[in-house]
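See the structures that follow.
What follows is a pair of complexes built around subunit A, which joins subunit B in one and subunit C in the other.
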Partner chain A sequence: MASLGSSRLRRGIAGLIGPSDGEGARRSKERPFALASKTLLFAAAVGVASFFWGGRGGVDQATLWLIFGMLAVGVDVWWGYAGLLSFGHGVFFGLGAFGYAWITTGSLPWFSFLGQTPLAGALFGVVAATAMGALVAYFLSYGRVTGAYFCIVTMALSFLLAALAQGTPLFGGFTGLGGVPPLGIGRFSSSGGAAMLAIVAVTLTVAVYLLRWLLNTNLGRVIDGSRENETRIEYLGANVPKLRVMMMALSAAVSGLAGVFFAAHSGYVSSDLLGMGISTEAVIWVAVGGRMTLIGPVIGAVAVRAAGYALSGVATSFWQLFLGLVIVILVLVGGNGIVGLGRATTGWIRGKMAKKPAVGKAPT
Partner chain B sequence: MSDTQVILLQLLNTLVTIGVLVLASLGLAIIFGLMDVLNMAHGEFIMLGGYTVVVTSTWGVNPWVGAILAAGVVALVGVAVERGLLGRLSGRPLDALLLTWGLALILRMLIQVIFGAAPRTAVAPVVGAVSVFGTPFPLYKLCVLGLTIVVTIAVLLLFRYPTFGMKVRATLQDREMAACLGVKVRNVYTISFAIGSALAGFAGALLAPFISVNPNLGGTYLVNGFMTVIVGGLGSLIGTVGGSAVIGGAQGAIASFASSVYAQVIVLAIAIVVVRIRPQGIFTRR
Partner chain C sequence: MSILEARDLGIRFGGLWALKGVNLSLTDGEVHGLIGPNGSGKSTFFHLVVGRFAPTTGEVLYRGKALTRLSPSQRARLGIAIKFQITSLFEGLTVAENIEIGIVGRQTSMRQLVWGGSGRGGPSREDNDELLELVGLQDRRNDLAGNLSHGQKQWLEIGMALATDPELLLLDEPTSGMGTEETRKTAELVLRLKGSRTILVIEHDMAFVRQVADSITVLSKGEVLTEGTYESVKDDQRVIEAYLGKGRVRDAS
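Moving on, here comes the complex of A and B:
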């Protein structure tokens, strides 16, 4: 119990959980390369479509949506795979963004030895977010905080940290910090446009590939088990709190990286990035796209944000109304978002073609 | 003013803060404790109560009557939500949480469309100050404190003694068995939700003169309610009062030299650390 278990233990547990073939396993063990290719294709399609629709400004918008998609992937790692709903991922997103902004603008004297390069800023942002995630998860996981309690604590954390940041000069108070430099190495810097879109899209693809790969290993099977039946998986010898700390660190790292990209892309960070607004909206993106799919959250974020962008021409104030309606309808209708719908449709078509009833149901 | 008077005034203000916290989170705790539904729209229910009293007072209705009306209006909203939406989601607490949160966004926006984003003010039903041991103190604040105590005790008694309270506790312990014994479980849930909502509406009406009534005021009260629930635990209404006392006390202690946000952050940090040391402690039910 001292570690996450030996590889033999993980293999043993994975074997006990169930056969690794069959329809359900095939679906949940999607091949990393296939999923990553789809992600890259989707990101590229969004980029091209936005270029023809809005030129360079359109590409900048699409980049922002893909950055939000990355945050949603971080939320999916925690909500989808670890199985606990967090309303506080804005904290990690915001820390990533502020970490990058602090280092690149040189506002943290203690860390001035890192220099002011974008790379150091990105590293600092991701490390800060990951550390925060691990810290919070350490206390809450070993404290056995689950379900609605977990939502409450993370939401309160997000709200209070944003409120605290609003009154703190380091966070720029009400106005935020401007003049954050774009990403770049040496003489090369990418100030928006296609280059930034490409960086975000490729990073997102790599992240999806690595996450899918990890979740397909025996460790991933143990994670599945900890979500489906915490007690049983503990009897089999797994250390669930430790697993959760690892998952949250991973989830916070992805969210923090999204925050870094946000700061570099928009050149501006404010306390809103830590707050409840973005934390809760990220949950909507995942719900709209589909939980436990990794690509779904990206599709969800782009779909919701694009719809919001189209609606903003009508009336900005209807944005929240729209979000609220989306959530209520999604919950009442059930299912697993866009990806769930897509899978159900392809399953139905396959069933028709094979002249037998469609097998399986959408993962819940 | 002498030192004792300053301390006394500080103490009274802290008591009022605690009272406001109890009033604002009691409904949340009732609904969560009995139905396992974390009502994310609770802050918006408080907001609706505030708007009811603002609107009725422009019609010339007495604010006390307005407060009762606010409780009634929000209770009706609660019944509609429970019967129409939440009833379909029994046994799916996370879905219920998401749904009420979507509802919160919708309510916020509807109110903003109807009344505009600009804050409204409500007039306190009683003005003036009374002398408490020689210190002048706003009479309305004392009224709110007194009403909070009365309402809290009434709610505690309601769930303890009458047949209704017995049915609620039976449903809480064993839903199937209670249903077998003839308790109309659906009705128990609906009435409990209505009571929780009514408390939110009443709280909003009483708080309206203290605050600027605007469509976005719900968030603060929701987080306040969460904080009392985090500290005080669930399932017991006494816990809510205890949690409010801790949060309100911490705010009162720190208020003279820092903003109340610091007090809340410190309390949250302590709660998160304590839960690691004592997992069975403050967070777990019973």
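Moving on, here comes the complex of A and C:
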């Protein structure tokens, strides 16, 4: 029995950078509508709860957490489904945020023809993030960089870009760029509050719906294959590097859109957004919420951020320690975060109710 | 016309020529056995055909087209499929999903992958069932591939290779580690496929080779020793020596 613990640990760690244990893949064909409904319900519940808890300020906090949730959904597309752990999604988040800030504040003379509307800014931010994602994936996929090496390269990229940005006036150097306008069309603008929360929640829901739909197609099957056994799928005829460039572009687009929302919501962008801090935290959100679930990352981001917010008042110095402990436990138990726990529990209850053993074994 | 042709094929690993000056030609629709002692270069030959290694000398032609510059996935899309000696499956996915990936794996157009769902040009449940039945795994369709027995894994990999609808199927030791009954079933499977596809099979089980192969090539130390039918090859003195070592007297059966 002593070996059970160590094999669990090994699987937990391998689960972070290797193929899944099959549990997620087996449930991979959830209906897009059902998942999107759950996402919307969750976002709405978070919004309402935050209002009763902290009024308008609470709602603004909740909006921020949902934006982080969207960043984490981007990470899940790449880490969960393509199976490569990225510590560099801050780069796409940051580029989305800066892209929006540059256009709306008119800091890019070359692109002044786009105007300074929030819509143009949002478009530019998403395109910049997507292009960066495709570029990074192009070199890493065709260069056959996988596994732990992929983690290290993306981490280095994030570190490098944040450092570069700190010394570049265009990125506002150390102080960052302020005065970024909120989202809006024509005369209407949403400066925080319930409107912004609704925009973020609905966009997140649509994104989850579309991603789930796409992953249910044959494309999703081939991506499953590229994650589970890269060599095998190539000998079956799949063009893995091309698939990965596409997936990374998609993942970066979602994370970039989150960056756009962040810039519009907070009105301020800085080089921290590109850095390793947020990149790493996004990975933690996915791990806490549940990998390969799309909704898990949203739950994880809200849970971790809300817990941090609630605890920071009473135990500022213990917060990071507590977060670290959660990660260690997750790796040791090797489960699939909150969503995995929820599924295991409902499976167990259903098994009890039916008075016969549960069909799906609970993930260990 | 020959479907596959190796011309002066050779590969060197460090100071060792794993294959040297190999010429081999496969006729469309035949089942060809590739035999030889361990280390004679049989699997290496397969790896050169599917593109895992690049040859040091010579080239492989597929329907007259040189394969040298093509990637493994491009070769697979031309119609070459392989069952590796050590099974390579999607162990975290179900048996049915493994077959499904085989069916869609060759599709590279995004339009086809995204819009060609079930019943819309994509794999249907029937395609999947047909293949599962062919390899005798219809009862295991929802089990994880990783939980199959050794023999079943080999069948699944053959099924997955067949799912790509290949013209040339390479089978690297399809009966290794199988019992008599499983070996018999595998031979039956190969015989059922005979005629519709060209099959090149590496095998140590001579009874199996005799049963399925139309012709045989014997490799030894990276070079072609002889070629011919089972009957002509089995009594060849050089073949017996290659397998048993010179001067050793032992009953081959």
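Here, the second predicted complex is superposed on the first by the 332 of 364 C-alpha atoms of A that agree within 3 Å, B and C clash if a C-alpha of one lies under 4 Å from a C-alpha of the other, contacts with A are read in each partner's own complex, and residues count from 1 in each chain.
The criterion applied here is as follows: a residue touches a chain if its C-beta (ideal position, glycine included) is under 8 Å from a C-beta of that chain, and two chains touch if they have at least 3 such contacts.
Remember, it's a predicted structure, so these values are computed and weren't measured experimentally.
> Quick one: classify A:318 as touching subunit B (first), subunit C (second), both or neither.
first
> Looking at the overlay, does A:136 come into contact with subunit B only (first), subunit C only (second), both, or neither?
first
> Quick one: classify A:103 as touching subunit B (first), subunit C (second), both or neither.
The answer is neither, since A:103 touches no partner chain.
> Touching A:239 in the superposition: subunit B (first), subunit C (second), both, neither?
It touches subunit C, and subunit B stays clear.
> Determine, for the superposed model, which of the two partners subunit B and subunit C contacts more residues of subunit A.
B
> Report for A:222: first if it touches subunit B alone, second if subunit C alone, otherwise both or neither.
The answer is second: A:222 touches subunit C but not subunit B.
> Identify the partner contact of A:304: answer first if only subunit B is touched, second if only subunit C is, both if each is, neither if none is.
In the superposition, A:304 touches no partner, neither subunit B nor subunit C.
> If you look only at subunit C, which of its residues touch subunit A in the complex?
It comes out as residues 50, 71-73, 76-77, 81-82, 84, 88-94, 97, 100-102, 104-108, 110, 112-117, 122-123, 144, 146, 160-161, 163-164.
> For subunit A, which residues are in contact with subunit B within the complex?
85, 136, 138-140, 142-145, 147-149, 151-153, 155-157, 159-161, 163-164, 167, 276, 280, 283, 287, 317-318, 320-321, 323-328, 330-332
> Which bits of subunit A are touching subunit C when the two form their complex?
Within the complex, subunit A contacts subunit C at residues 19-22, 25-26, 214, 217-219, 221-222, 224-225, 228-229, 231-240, 242, 246.
> Which stretch or stretches of subunit B touch subunit A in the complex?
32, 36, 38, 85, 88-89, 93-95, 97-99, 101-106, 108-110, 112-113, 117, 219, 223, 226-227, 229-230, 259, 261-262, 264-265, 268, 271-273, 275-276, 279, 283-284
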